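For clarity, chains are labelled A, B and C in written order, and residue numbers in each chain start from 1.
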Amino acid sequence: METENTLQPIKDVESCIEAIVFAAGYPMPYQKLSEVIGVGVREIKKFCARIAKRYESDSTGLLFLQFPDSCQFCTKEQYGPYIREALNVRRGGNLSSASMEVLAVVAYNQPVTRAFIDAVRGVDSSYAVNSLIDKELIAATGRLDAPGRPLLYGTTEKFLRVFGLSTLDDLPKTETVLPPNTLTDQLAIEVDAKEAPQQEDAED
Amino acid sequence: METENTLQPIKDVESCIEAIVFAAGYPMPYQKLSEVIGVGVREIKKFCARIAKRYESDSTGLLFLQFPDSCQFCTKEQYGPYIREALNVRRGGNLSSASMEVLAVVAYNQPVTRAFIDAVRGVDSSYAVNSLIDKELIAATGRLDAPGRPLLYGTTEKFLRVFGLSTLDDLPKTETVLPPNTLTDQLAIEVDAKEAPQQEDAED
Amino acid sequence: MENMTYRLSDFEGPLDLLLALIEKNKLNILDIPIALICDQYLEFLENARAMDMDIATDFLNMASKLMVWKSEMLLPHEDEGAEKPPRFDLSDILIRHQHAKEVVPKLFPLYAYFGGRCVKDTDEISPDKTFVAEQKITDLLAAVRRVNSYRDTIENAKTAFVPMVSKPIVPVEGKIVSILETLHLFGTATLRDLLSNEPTLADLIASFMGVLELIKLRRILIEEGDENAENSVHGEGTCFFINPDAPAEDAEADATVLSKE
C-alpha cells in the first residue's frame, strides 16, 4: 500500500467495502474484505447489511446483494430490458479483461488445467474460468492423467466464431505466444493434486 | 424491448441511467442512453449531473464520472490500494517517465501520428506507445488522410479518469504556449510514408 | 566548443542537447540559426566520440537532419520570390518538446492521486450469461501481452522462492553410470531407450549430457546404420554401444552437475 491509509471512521469502512465490491464485479467473500480492511468478518457483515439497506431504500438503480459468504452489487430487476438493449449492441462487449486473459492462455496452450491457468496468470482465475464456461467459449475436453485427474480445458467452436476464426491455426502467430515449457505440466499436477477432488466434484 | 416499460417519474430515469451505466462498466455514451431511455441527450446530461452530484456528496465509495460524450461509474481514488489488494491486482499501473512524456505529447497535441511523437521526443517511442495502448490510456482514433494513411492517436476516457480530469481542457497549464498543431500532416507525409504500410497492417 | 560543459549522458535525446545549445548561445527558440546550431551539435558529437563514447542512433539521426537543413539553407535560391522548401519546423518541435518536459512533473502527481479510481469489469452482470458479442482478435493479443508481462514477476517470485525448498540436484555422473549399465546389459541402445524414462526435464538434460560426455570420452560409440540409411545418425533412433577399446576411466571427474531448472 503506497499511502498510510487507515480507515478509522465507520462511514469510511462502508465506502471502502462498496468500492471493493463494485470493482470486483463478482461476489466478494466477506473473509477477503475482512483481511484487506482489517475488520472482523462479523463486523463486515454488519456493515454490508447497512449498505444493502441504503441501496434498497434509496432511489438508485443499484442493489447490494448479500449472500451467505459473499456480497455483490447488481442492478434492480426492472431496468433489465433497458440494460440489455443498451449493452447488446456493443461490439466486443461483455468480456472482462480477466476473461480475455484466461481465454488467451487457454487458446494458445490448450488443453490446460485450472492450475496451469492460475500459475500463468499468477492469480486465482476460477471466476473467469466459470464465466467462460457459462459463455461456452471454453469447455472441458478431458482429464489429465495425473493425481486428482484434473479437468483439461480447451476452446470451443463458439470461440472460433466470435473471433472470426476458421480453425485454431488461424490464431495469429505473434512473437509473444506464451512459452508453455517454463511452467511444465508437472506444476499443474502438483497443484491440482491438492485442490482437485473437491473442486472437480462441484463441476461434474 | 420485450416489456412495455415506460419510465415516467424523474427518479426512475435517474435510476435507469445508473443501472445501465453500472452494468456497462465502460464509458456509456449519452447518445446511447438517450436512444434506449427515450429522453433527449440534453436531458440525459442533466440527469447525469444530478447523479454525479449525489455520489460525490453521499458517503459512498463510488463516483459517477461525466466525460464530454459519456459517463461511467468508478471507485473513489482513496480506496485504490484496498481494491488492488482484494482483487490481487499487481502494481502494473506504474508509468515510466518515457511513457508519461509520450502521454503528454499525445494529450496536448492530439490527434497525432507515431511519427509526430517520435519527432517531438527526438527518440524512438514505439515501446512506450505500445505500452500506453495496452494500458488503454491512448487509442487509435482515425487515420490521417496522407500517403500511407497512418493511424492517429488520442487519449481515452480512461486517461481522463485516472488523471482526475473531466475534459481535456482540465489538463494542467504551463508557461510554454503550444502553437496550433500543423506539424502532423507534414510529418506524416515525410516520415510515415516510408514506414506506414507494414506497420499499420500489423495493427489492424 | 572550447570547454566541454556538457556530457552526452546529460541528455535523454538529441532535442535536449539542442535546447541546451540554444540556451547556451542565448538564442531565440523561434529564430534558430541552423548553421550555427548544426556546427555546434556536430562538434559536440565529435568530442563525445573522441572520448570513446557510444553515440546513440537518435543523436546521429538528428545530426544528419541538421546537415540536410543546413545545406538547404546554404544553397542559393534560384528565384527569390519562391516559397521556402518545406522542412521540419525545428522551433515548433523544440517548443512542443519543451512543453512535454514541463508537463510531465505535473502529470505524475495527478496520476498518483487519481490512479486509484477503479472501474468494474464488464461481463459479470451480463443479463444473458451465454451472450457473447463479436470479439476483436487484437483484444486477445493484448491479453496475451498482458499475461506475458505477468510472467516475469511470477518467474522472479519463483526463483526467489526456489532455494527455500530442497532443490533436487541431478548429477550427470549418476546418469553416466546408468547409461553404461544399460549398454552393458543390452549391448546396444538407441537414444530413445536411454532418454525415454526420465521423469523431469532436468533428468532428461542430465542424461543427454551424459551421452555427449561419454561420446566425447570415446567410452561409447555410435553404431553404423544399415546400408540403406543415408546418414549414420538417426535422431532418436541413433544407436550406441560400448567402445571395446575405451581409454582409461579418468576424465569423468569433470562431468557437470546440473541443477533442476
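Everything below uses one rule, namely that a residue touches a chain if its C-beta (ideal position, glycine included) is under 8 Å from a C-beta of that chain, and two chains touch if they have at least 3 such contacts.
Note that the structure is a prediction, hence the values are computed from the model and not measured.
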Touch-based graph of the chains, sorted into line, ring, star, complete or other: complete
Per Cα centroids, the chain farthest from chain B: C
Chain A-chain C separation of Cα centroids, rounded to whole Å: 33
CA centroid of chain A to CA centroid of chain B, Å: 25
For chain B, residues that touch 2 or more chains besides their own: 22-26, 73, 75-76, 78-79, 81, 83, 90
Contacts with 2+ other chains: residues of chain C: 118-122, 125, 127, 142, 145-146, 150, 153
Chain A residues touching chain C - in the complex, by the definition given at the top: 2, 19, 22-26, 73-75, 80, 83-84, 87-88, 90-101, 103-105, 107-108, 119-122, 131, 134-137, 158, 162-165, 171-172, 174, 176-178, 181-182, 184, 186
Partner chain B, residues of chain A touching it in the complex: 1-3, 5, 11, 14-20, 22-25, 28, 32-33, 36-37, 59-62, 73, 75-76, 78-79, 81-83, 85-87, 90, 93, 122-124
Chain C residues touching chain A - in the complex, by the definition given at the top: 112, 118-137, 139-148, 150-151, 153-155, 157, 200-201
Of all residues in chain C, those that touch chain B in their complex: 12-16, 56, 58, 62, 86, 88-89, 92-93, 95-104, 106-108, 110-111, 113-122, 125, 127, 138, 142, 145-146, 149-150, 153
